[in-house]
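Chain IDs A, B, C, D, E and F follow the sequence of writing; residue 1 opens each chain.
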Amino acid sequence: MTARPALVIAPHPDDEVLGCGGTIARLTDQGVPVTVLVVSADLPPLYPADVRGRVHQEALAAHAVLGVTDSEFLDFPSVELSRMSVAELTGGVQRVVDRLEPATVFIPFPDRHVDHRAVFDAGMVATRPVGAGTGIAMVAMYETISETYWNAPGAEPTFSPNWVVDITETVGAKTAAFAEYDSQVQEYPSARTTQALEALALFRGSQAGMEYGEAFQIVRMLTGEQLPWQA
Amino acid sequence: MTARPALVIAPHPDDEVLGCGGTIARLTDQGVPVTVLVVSADLPPLYPADVRGRVHQEALAAHAVLGVTDSEFLDFPSVELSRMSVAELTGGVQRVVDRLEPATVFIPFPDRHVDHRAVFDAGMVATRPVGAGTGIAMVAMYETISETYWNAPGAEPTFSPNWVVDITETVGAKTAAFAEYDSQVQEYPSARTTQALEALALFRGSQAGMEYGEAFQIVRMLTGEQLPWQA
Amino acid sequence: MTARPALVIAPHPDDEVLGCGGTIARLTDQGVPVTVLVVSADLPPLYPADVRGRVHQEALAAHAVLGVTDSEFLDFPSVELSRMSVAELTGGVQRVVDRLEPATVFIPFPDRHVDHRAVFDAGMVATRPVGAGTGIAMVAMYETISETYWNAPGAEPTFSPNWVVDITETVGAKTAAFAEYDSQVQEYPSARTTQALEALALFRGSQAGMEYGEAFQIVRMLTGEQLPWQA
Amino acid sequence: MTARPALVIAPHPDDEVLGCGGTIARLTDQGVPVTVLVVSADLPPLYPADVRGRVHQEALAAHAVLGVTDSEFLDFPSVELSRMSVAELTGGVQRVVDRLEPATVFIPFPDRHVDHRAVFDAGMVATRPVGAGTGIAMVAMYETISETYWNAPGAEPTFSPNWVVDITETVGAKTAAFAEYDSQVQEYPSARTTQALEALALFRGSQAGMEYGEAFQIVRMLTGEQLPWQA
Amino acid sequence: MTARPALVIAPHPDDEVLGCGGTIARLTDQGVPVTVLVVSADLPPLYPADVRGRVHQEALAAHAVLGVTDSEFLDFPSVELSRMSVAELTGGVQRVVDRLEPATVFIPFPDRHVDHRAVFDAGMVATRPVGAGTGIAMVAMYETISETYWNAPGAEPTFSPNWVVDITETVGAKTAAFAEYDSQVQEYPSARTTQALEALALFRGSQAGMEYGEAFQIVRMLTGEQLPWQA
Amino acid sequence: MTARPALVIAPHPDDEVLGCGGTIARLTDQGVPVTVLVVSADLPPLYPADVRGRVHQEALAAHAVLGVTDSEFLDFPSVELSRMSVAELTGGVQRVVDRLEPATVFIPFPDRHVDHRAVFDAGMVATRPVGAGTGIAMVAMYETISETYWNAPGAEPTFSPNWVVDITETVGAKTAAFAEYDSQVQEYPSARTTQALEALALFRGSQAGMEYGEAFQIVRMLTGEQLPWQA
């Protein structure tokens, strides 16, 4: 029997690793096909013409580390996603969801980055429990180290995880995948470093009785058969 | 292989049916052992001496309808749970959790009924992800028709479900089990009626692409192996 | 003495029925003039050219069932309201409010549908307690079965009603009006069905001691004279 | 026709004036009977034996200024309400609600003062929409200058009013009633002063297009007949 | 030693006075340089051509009353800020932050006015704790009398202040500065009046043991050396 | 000039280290006197008779590592603080606050541990901005690794820090102090380990541009003179 696929929706290249890298590697280790859908690219005129191609190569290298089955790029303009036609942005995401029929979909938490909120919105619409959407068993939001922690407490939502995946065996793959993003990795102390990623994974795991964990906030879980972990 | 058990913690007899009746019946249909732990009883001097025994019999009859494996009764005094020794109340619940080693635990949403909040607190402590608690795959809160909808919006938390279980095949068992509680069933239009229960199940299901559903708000899901619904 | 009018603002045709159908029918039964303002239409290029006209006719038929006094259509493009000029969208709504001088205004809860949020915003601005707005006794948000229940708990607001109107006598008119929307009514089990609508009405009512109810979350109530229900 | 009564539940003497003084005076001006139920008294051993009697006299004088119809005192021990038997505290409040059959009930916002939270809980139970409770048209929470503003933002609920009553004509009666509480009035700048009370009333009113206002957060409004302000 | 500057970001001219006028005057009294950055102007075609210049003069007069060191005007079109290019709006604010290297930044609470939310977003991005942003000791949100109190409780965030600045000595300068805005000052009872401003200041102060206060909700405080108030 | 003291209120011995260890060490390094007030002890009959004394010695050793000026122990019974007389518990804390006249007070976040909530409540009352309380410049809540992360998202408050203190120079003292608590330190992977503490500090710091940080959620900051970090 073939496992049903999982889908990770990333506003920008590297968000899929920051938020779900360890879980992606676990899934692919176990034969679950994982598609990463990267929504935006750094395009002219806001960015030099060569940036898009360079980051694209980094993404493919990172995905190879994690065993990603399929990497798709919508190439919408980063920073300005919130000003795109709603129909066009959501439509782009919806088509991938409809074609893939995933069992699990990971979307970004709607945090400080306005692009994250636009992709969260598109992902929420594309995974509504209607039509094919009723076959999705889980929609969950991931945290993006840095932007998720730069919100305004009380005026914006706070990431409050209720699901932790044990990534003890794959935390190394997660940081290795992040290291492939030469253009994004920063010097410590900065939010975007392998040290910070590893510390967050250790912290999340330790609060759940695991060595390393990845934490998610669940949007919607639908259980049609028996509770799957009871099997 | 024997399935790991599920545990439903009910402040008062009937809460387990109102909140989880359909899911209990699904689980027992599939061979999952389900323990219902009833925390309180209506005891003198607040209640006449014969109430406890009568409701106890109703509970056993209701549990039989749902196929409940094991019914346990702590017989703490209803209405006054919040004034009990924290150690005694939590200890009573903790001992059951430790002995049972459940994969799933259902606890009440901390709503208008002060006993619900006391049992929520005890259940939260007894399922912390430490020691045996790290083996619990899911802790979830259920809604109790009536009390859950008599809160003060903005001053108290609102039940916001993120998990729906399809109970299309067992909604009849749920309402039949509730009907066994002669002492609790009321006349329509009242919150505690089979009509209201069925309407809520239809409403919850219809928002999730199911005919009838039971909705929960997840406290904590821990995934140690692969995402179970991906298998 | 002529009763002051009520205004229901609907992002799309049918939202006014889903959220307020029973209350509209009560009001018109009692001689209160009710205006329904439909903000958007399904227009080309996103929709075929004939859709707008067909849905328009359905709306008029539904409004006739409810006894709506006046049906107004702004015909802004559905799906893309959030990208319209703020001044144009809000201005369109404001002009109706200013002309009508309503005592009650119903606006959509800002839920999963991005158009609902745009119309919520416009409605909130148009009913501010300044100028003519100080004469509005009540602004309330209604729930839209489906979209209101497809939000992300904890990351988006949850509908938390604090006002229930008894619609026992008009729930039939509500479902009959919805049935006029041939293009919107779906097959059960789906969110947009008369079964789901009726179940929600029974559930809302039963939590408030009524046979059928319609629930609202209050934005602002202004009481200039005595508490009106004390009279 | 006799107007149905209103009930104001005060944890301590003076809370009814701080939170509802202007509204009480409006109601009694218009012939609505208003009962004030004072739940606690400052009793030995925490307080000297003469305090209770002195404050009792102040309360009667304050109530006379506002035209209160009936003043009831439960004389439970202040500061320690949260440790009372739930049945006894709630029962005390419930008996008054059941006897009075009020149309409107005002309860304190559950704020920094632990007694306020205990009385909020008791008031919430006593006004549930069951039995006689289905006849209550409005349950609302009032703010208590000082305690309501000494909470911990983000960790405790924030008072978010959605109802403003115009007290332009009775703000003077409100501050005069407060001035009767010699034992409670403090020196400016302090929270418990007529200056602060008047400033809050002016502020609340000015945000709602009134000269002076009193603000409430609604728990539950039930509308059985037509929307009363539409008449 | 020269004090590091403070920056107040105002969506429209007068917001800086309404939210921070007393604090600005305190800072400038003590020799701290304060820059006010006004983001928008009332421009054609939404406004007559002469409005921008007139309000600009009022702003300069108001700033003179408060001792503002530097007044900057981005002249983006008011009402429509939310539809601007994210890069352009944020870029405009970011350049001022980068050049100024402020120790404190005040931004508007994201309230009912859609422009306030757009400027809040831009201010949040421009003050992220990266690069020069790590030198900002405090980012705080201010309240804007009127818009901040016209939100929808439960569906939108409520201003919940956790910082009060004593403005007893400068509340007169605050209301005098506001009085310079002839085009904005309204008649009482209206939200935008010196009476309402003074009442709010008295209320905020009285809840904090001060004669007059200005209240803020903190986004982020970074303490690199010793706790500064301990010195 | 002598610096005004800081006060750290700990429900149980070790909470002060887990939540504030790095900040305490920074303060004492700079000559600020720091008092730690430990509210409870593990007493018979819930605990063996020798536990209290042993943990007491560990606390003194830990405090020595951090340079704590004064260690006070109220010796109220742990686990059962929530059932104590409100007057007695709050009174015990209030007396220390009144005597010490601190500039800064750290209290626990009201999290999963019911004792933490009781001490939070007592600390909130004891630091109200009345009388001597108006001299307190800062009241802040600290996080307690483990209990703070075992809450029920959506039903209980989530810790949302808005203040980060740089503890790069003292994180070693923090973990060394924790290591003195032989009876509390656990094996990794567990929440109560030096590894988890250090990971959290690195994570908190990295989100704020620091190598290691300690994060707090502010209850109330009062600024009577100039903004202290502007000096």
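In the analysis below, contacts are C-beta pairs under 8 Å (C-beta built on N, C-alpha and C of every residue); 3 or more make two chains touch, one makes a residue touch a chain.
All figures in this text were calculated on a predicted structure; none of them were measured in a lab.
Between B-F and B-E, more contacting C-beta pairs join the chains of B-F. For the pair chain A and chain E, the CA-based superposition corresponds to a rotation of 120 degrees in steps of 5. Rounded to whole angstrom units, the spacing between the C-alpha centres of chain B and chain C is 35.
Per-chain CA centroids place chain A at a distance of 50 Å from chain D. Computed from the mean C-alpha positions, the centre of chain A lies at a distance of 34 Å from the centre of chain B.
For chain C, residues touching at least two other chains, in rising order: 83, 129-130, 146, 150, 153-154, 160, 162, 190-191, 207, 209-210, 217, 219-220. The touch graph of these protein chains is complete, with an edge between every pair of chains. Considering their complex, residues 145-146, 149-150, 153-154, 158, 160-162, 188-191, 193, 195-196, 198-200, 202-203, 205-207, 209-211, 217 of chain F touch chain A.
Partner chain A is touched in their complex by these residues of chain E: 83, 85-87, 109-110, 120-121, 124-125, 128-130, 141, 157, 160, 217, 219-220. On the side of chain E, the complex with chain B involves touching residues 153-154. On the side of chain D, the complex with chain F involves touching residues 46, 79-80, 82-83, 112, 114, 146, 150-156, 190-191. Listing the residues of chain C that touch chain D in their complex gives 3-4, 6, 23, 26-27, 30, 32, 103-104, 129-130, 133-134, 137-138, 162-166, 207-210, 218-231.
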